[in-house]
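Just so it is clear, A, B, C, D and E label the chains in written order, and each chain counts residues from 1 on its own.
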Amino acid sequence: MDVLFNQLFSGLSMASILLVIALGLAIIYGSMGVINLAHGEFVMLGAYATWAMQTYFGFSILVALPFVFLAVALVGWIIELVIVRRLYRRPLDTILATWGIGIILQQAVRLGIGAESRFVKGPGILDGNVVIGNVVMSNYRIFVILFSIGVLAATWALMTKTEFGMKLRAVIQNRGISECYGIEASRVYSLTFAYGAGLAGIAGALITPLYSTIPTMGTSLVVDAFLVVIVGGLGSLIGAAAAAVMIGEVTAVFSMVMNDTLGRIAVLGCIILLIRFRPRGLFPETVRR
Amino acid sequence: ESTLHDAAQMAIEEINAAGGVHGMKLEPIVEDPASDPATYADRARRLMIRDKCVSVFGSYTSASRQAVLPVTESRKNLYWYPTLYEGRECSRNVMYGGAVPNQQQDLLIPWALEKFGPRFYMIGNNYVYPKEENNYCKTLLEKLGGTVVNEEYVPLGHSDFASVINRIRAEKPDVIFSTVVGDSDVAFARQYHAAEFDPADMPVVSLTRSEVEVKAIGGEAAAGHYSSAPYFMGHDTPENKKFVEAYQKKYGADAVTHFVNEAAYFQVYQFKAALEKLDPSQITPEAIRDAAVGITLNAPQGEVLIDENLHTHLWPKIGQWQADGQAKVIVDSAERVAPKPYAAYEGQSCTGQGLVKA
Amino acid sequence: MAQLQIQNLHVEFGGLRAVDNLDLTVEEGEILCLLGPNGAGKSTTLDLICGKTQPTGGSIRFQGTELSGLLEYERARCGIGRKFQVPSVYKELTVAENLSVAQSRHPGMWRALFTFGRGDTATQRRVLERVGLAEKAGVKAGNLSHGETQWLEIAMLLTQDSQLILMDEPTAGMTIQETEKTADLFRQLRGSHTLIIVEHDMSFVRRVADRIVVMNRGAKLAEGSVEEIENNAAVKTAYLGH
Amino acid sequence: MTRKLSYDLLAYAAFAAVIFWLVPTLYAYDGFELNTFARYLSLAIVAMALALSWGTAGLLNLGQAATFGIGSYAMAMHLKLRASDGLPDFMGWNNVDTLPWLWVPFESLTFTLLAGLLLPAAVGGIIAIFMFRARIAGVFVAVITLAFLVAFQLLVIEQQGLTGGQNGLTGLAPLNLFGWSVDTYSVGFYYLVAACLMAALTIGIYVSHSKFGLILRAIREDAERTRFFGYNVSSFETMVFCISAALAGWAGMLYTLVLEFASPTYMSVSFSLAIVIWVAVGGRESVIAAAIGAIIVNALEGRLSDVFVEGWNLMLGVTFVLVVIFMPRGLFGLVTYLAGAGSRLRQSRQDSPKTSAPIGSAPHAQGGR
Amino acid sequence: MSILHAENLFSYYGKSPILQDVSFSLKAGEFLSVLGRNGVGKTTLLKTIMGLTDRCEGRLEFDGADISGRSTPERARLGIGYIPQGREIIPRFTVEENIIMGCYARTDGKREIPDYLFEMFPILREFLTRRGGDLSGGQQQQLAIARALAMDPKILILDEPTEGIQPNIVRQIEDAIVHLNRERGLAVILVEQNIPFARKASDRFVVLDKGAVAMAGHKDELTDAVVEKHMTF
């Protein structure tokens, strides 16, 4: 029983990281139809940015977070401006182009910083565990879970409560008419892409104390995050959150009863079935056209 | 893998600076196969066939070695492989510079069992090397009266060990016997540390964790755990001091040496020694191989010898990781240990004639 | 027996009854015009017949066989062809290729796999000449003008040669002359084919209709000949205006 | 005969001339160079197979590597059995002591050759039926096949006793084809692979010019509309997946022969995406263009990695991005565009007095939907 | 002085010129009808004014300044209120959000809905929280006009605002447009097929044919003969 609870907690912690990655991906896909395979590399850049800030300025992860967000958002903004902008609404082409971008970023880091894995120190104040009975929860993972809920809430508020969010939603639904009402669609897109990239950067920063920081670290994450987006329903934040939790927990439970590999295979199988029978995701938008 | 390249490159430059071999300079041709076996195979053929290299050095994973093997064997070339590996291979075209299971475990397992207890939890990546090491470990444990509480494999590159850790927490083994490699090991060690397991009563003893991994893990998280290897950067000999100094001078003060790049380094010297035994006109891969057998060399880890089965006699050690990222050698083998690539399999042995089955 | 028999048909979209207890019979060989205000459910009715939309309830029988439960392509194989309100031709294919696709007497996969080339080009040419697109056979359909696109889709339906042809606003975007030509073409089909035509253009309806059914809010409002309908008070208020 | 068909046949003949005559001559019938080129040719087969489903029917199969891998393992299993007396070595390492039933039929070459084609086709077919019955299309096809690929590769690695796991199948015997022991560095082997590619291209061109291919193109544009003409769209889609998978399996078999081992990395996501890239570079609309794309990218990769040991990957990335942005239809698109421009030029010369092209256009904000 | 002035406009979709050499001009407070058959380029003319076609040549002035190089949002912010054919309501926005969206073109930063809109279209107040996509065609048309008015435009351009609307609502909308022009002094360009309304409401008219101006003049010149010649087929 304790194992199950421990396992469920692990699942939640995995889900929270997936969520932060998937959120960015979901907004980018939902708003501009870009399947951003370079998203994993944004995560990687976030991790390296954290490493750089810690190594050269001595920032702890928590202090570095906002800077990482800005730095990766800036990279995203530039990439949007130079490349992605030309590919709106060509989802299959974006797969190719962003994969190319991914290679470029990965190789740039490999050549510039090196291929070996880098050390980032976790935040000291979050060392230690909360122990309830036999259930042991690491403080840091609890922090990550809470933080990701915060990110979700902030993103939700940004999308629904702010003028920027409304402009974005208007552009998503009808770009042409939005422009006729003074909305600079291309600026909205740039900022959205930058925001999504920034979120990925934050995710990268958050996982540095847990995982190893290497140029290829994003590749496997992006596949999972992408599945989260599709399972959740295109562009739906709540859907992404639900899907992340579901995938995280199902993975955790499966890897408890089987092993990590078989668990992952089983989860992928479930995802395939889910997409097959609910191709529009867990929470599809229903609206009369 | 870049550290292997760096060490070999340094050896080549040292040799060339000292006048080369027979007055000729060694000329390395470098390829970057991006860790992909198919690319490895392709590049290896390019080196062996097109560039007519007499020897190829390098590669880290088992998969890449195996990808290179077909060309090496069919072209009767010579492949210098510096990494520790699972044994059970007896090619006449590969010079094995790393440890095989008996060279790491014969010292380690009895010691760990004695010191921490008999219940072993095996965790490794899912490929041949960990499985083979575990097979050998199990035969040892059987002899010594140890038990295996769990044997578990995670995919290469796996980075979330939460469920492994939960299982460890539930099983409470005495020793975690780890063959997790590379980046997975980094993630594993950090998460293991975050789970607040005490290395004093549940240490990770690893066959694969070297200074490179520890640098990424962070000394704090690695401290207290153990590795078994023929070489540690902190090994205190004049040869090693020279090696480390030269290496850090060339690649920066925070560059580390470890048991694989040490082997990559001394294999170049073995290669040179073999060449020197030959007349320049008769240099062929096979001649180099035959000349190499029996060469002894003062490597940073101690004096190493090339066995006629083309593996290397090495000096096993057990190191305990310290907070500064270095290992303190706490057990040093009293004698050089001969490589027995088929130690786990009765009636089979690798000899100068290749594999012999009883 | 009537060729097409619709009984008690209804469909709901999230609370909205787009088609509500519709009864309709169509005789073999007649031309039936379906009128009604925007949103009356005309297109939806055609969707239900050809299988694009699944009904919530009711029955559709075509030549005695019950259609509900059959997939679109199975219904097409029964002999039902459909022209859509928004002209749907294959924009990336040439006009001739569009007709090749429409030539679907043998729609099986294996048959297609072992048929090399473009099929019966003589028929295609004849149909193209009939609709005046002969010169455009090699043109990509996406480069046709709106009216030409309409003609192409009509040509495709002629090539398909189904017994029951459903036409959704076939003359939208056509000039008066073109509309007249279309009407003549449709009248030639009368007898050999059954047509259900949705149209707003009363002058066209007058030319072709054997019978008119007017729909309003998903249900049948009136039914009869052209004069009967034009003098029907309920139709005047709901649709025609005064 | 349509114009398009005659263009295709022209390209086909030119391509045949290049790989049968020009390439061997250029490489002076050197075994090693031809072996390297044979590698590109076998990859060209898998690329053209992808072009068949992606370019024709618009179904982007990101799982192409899985069917390629099945073919390559089928061949490797046969050769492994040939190479080992009794149990293959790696099975011993995994504590397997009898030959698994799955391996037994691979003793037979005929079975192996058939299995290398039919097994991938069956797997492709099953996935296709599963997806297309539910009318999955567009990006979802890509996602499902991608997820399948990841799961499949994990499974292959997991089942070490059966597949050799991460290391794959190595230490293979040379293929013995009707008494001819195939030396992969021989000119003969090169011609074998080249002939296979030409055969695959023949199939590809036939399919794309048959009515079947036409219907596939119709489906790509508007699957819904096509159903109303009585075509069972899912059966067409399933069939093209099967054909494409079989060709991919075929390519996989050749690839194992060329490289002399089979590895799970042939089933990796990055390999699968690489295939997509080759096709995109060549042009997805034409099987020949896709094949040429594969050859060019791989040859380029070979050359670049020679000259720029470390930076070549970076350059490839840049190339892909540029291709997608500036040549969305690949080399094929470029060629057809140039051809079109040429004929337009000729035309405008003929009737130049009439055309008055407006000069000095002010570029405008791209508007619209 | 003219508020909108076009000179030798050419406008393109891809390579094909849809508008060819169109010139006209409109004074502040004036009402101009654009007439013509289906497909002659009426919508294209309005889109060209908004900068929504692929490419455009010629001179286009708004309030004396050349705007042909400006982007669509910039033009909107100058005060051109566009009510497109087909209305193009944002379906997932509520009625309120749809109107607020109109305010984004305001340069003064105000984000509130002027009251007179609700007086003019009471139904909108009633449906304030409904989703735009759920309204009927006629209601959507009113919403589209309200959205354009929320930006406080200097000129209103409307594309067939009564197309596909029930007759009784058509009357309401027509009245509203006339009211805006007469009482509030808004300049209006109206694309219409409905000749009687054009005659009644406009000061001047332009008839397009095949993308070119076939005729232009005062409303009195819009005789039956002209209609016969240019509008019927």
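Heads up, the rule we're going with is that a contact is a pair of C-beta atoms (placed from the backbone, for glycine too) under 8 Å apart; a residue touches a chain by one contact, two chains touch by 3 or more.
The structure presented is a predicted model; accordingly, all values stated were derived computationally and were not measured.
Please indicate which chain is farthest from chain A, where distance is taken between mean Cα coordinates of the chains.
C
In terms of CA centroid distance, which chain is the most far removed from chain D?
Farthest by centroid: E.
What is the distance, in whole Å, between the centres of chain A and chain C, each centre taken as the mean of its C-alpha atoms?
48
Averaging over Cα atoms per chain, report the distance between chain C and chain E in Å.
Those two chain centres are 34 Å apart.
Let me have the rounded angstrom distance from the C-alpha centre of chain B over to the C-alpha centre of chain C, please.
Their C-alpha centroids are separated by 75 Å.
Counting in whole Å, what is the centre-to-centre distance of chain A and chain E, each centre being its mean C-alpha position?
Each chain reduced to its C-alpha mean, chain A and chain E end up 43 Å apart.
Find every residue in chain A that makes contact with two or more other chains and list them.
Within chain A, residues 174, 176, 179, 261, 264, 288 contact more than one other chain.
Chain C: which residues touch two or more other chains?
Nothing qualifies.
Which parts of chain B, given as residue numbers and ranges, touch two or more other chains?
Only 126, 155 qualify.
Contact residues on chain E for chain C in the complex?
Its residues touching chain C are 37-39, 136-137, 164, 166-167, 232-233.
Tell me, which parts of chain C touch chain D in their complex?
Checking each residue of chain C against chain D gives 50-52, 71-73, 76-77, 81-82, 84, 88, 90-93, 97, 100-102, 104, 107-109, 111-119, 160.
Spell out the residues on chain E that touch chain A in their complex, using ranges where they run on.
Against chain A, chain E makes touches at 50, 52, 71-73, 76-77, 82, 84, 88, 90-93, 97, 100-102, 104-106, 111, 131, 133-134, 147, 151.
Within their complex, state which residues of chain D touch chain A.
Of all residues in chain D, those touching chain A are 60, 130-131, 134, 136, 138-140, 142-144, 146-148, 150-151, 154-155, 157-158, 269-270, 273, 276-277, 280, 310-311, 313-314, 316-321, 323-325, 328, 365, 367-369.
Under the touch definition given earlier, write down the residues of chain D that touch chain C in their complex.
Touch residues, chain D against chain C: 2, 206-207, 209-212, 214-215, 217-218, 220-222, 224-233, 235-236, 239.
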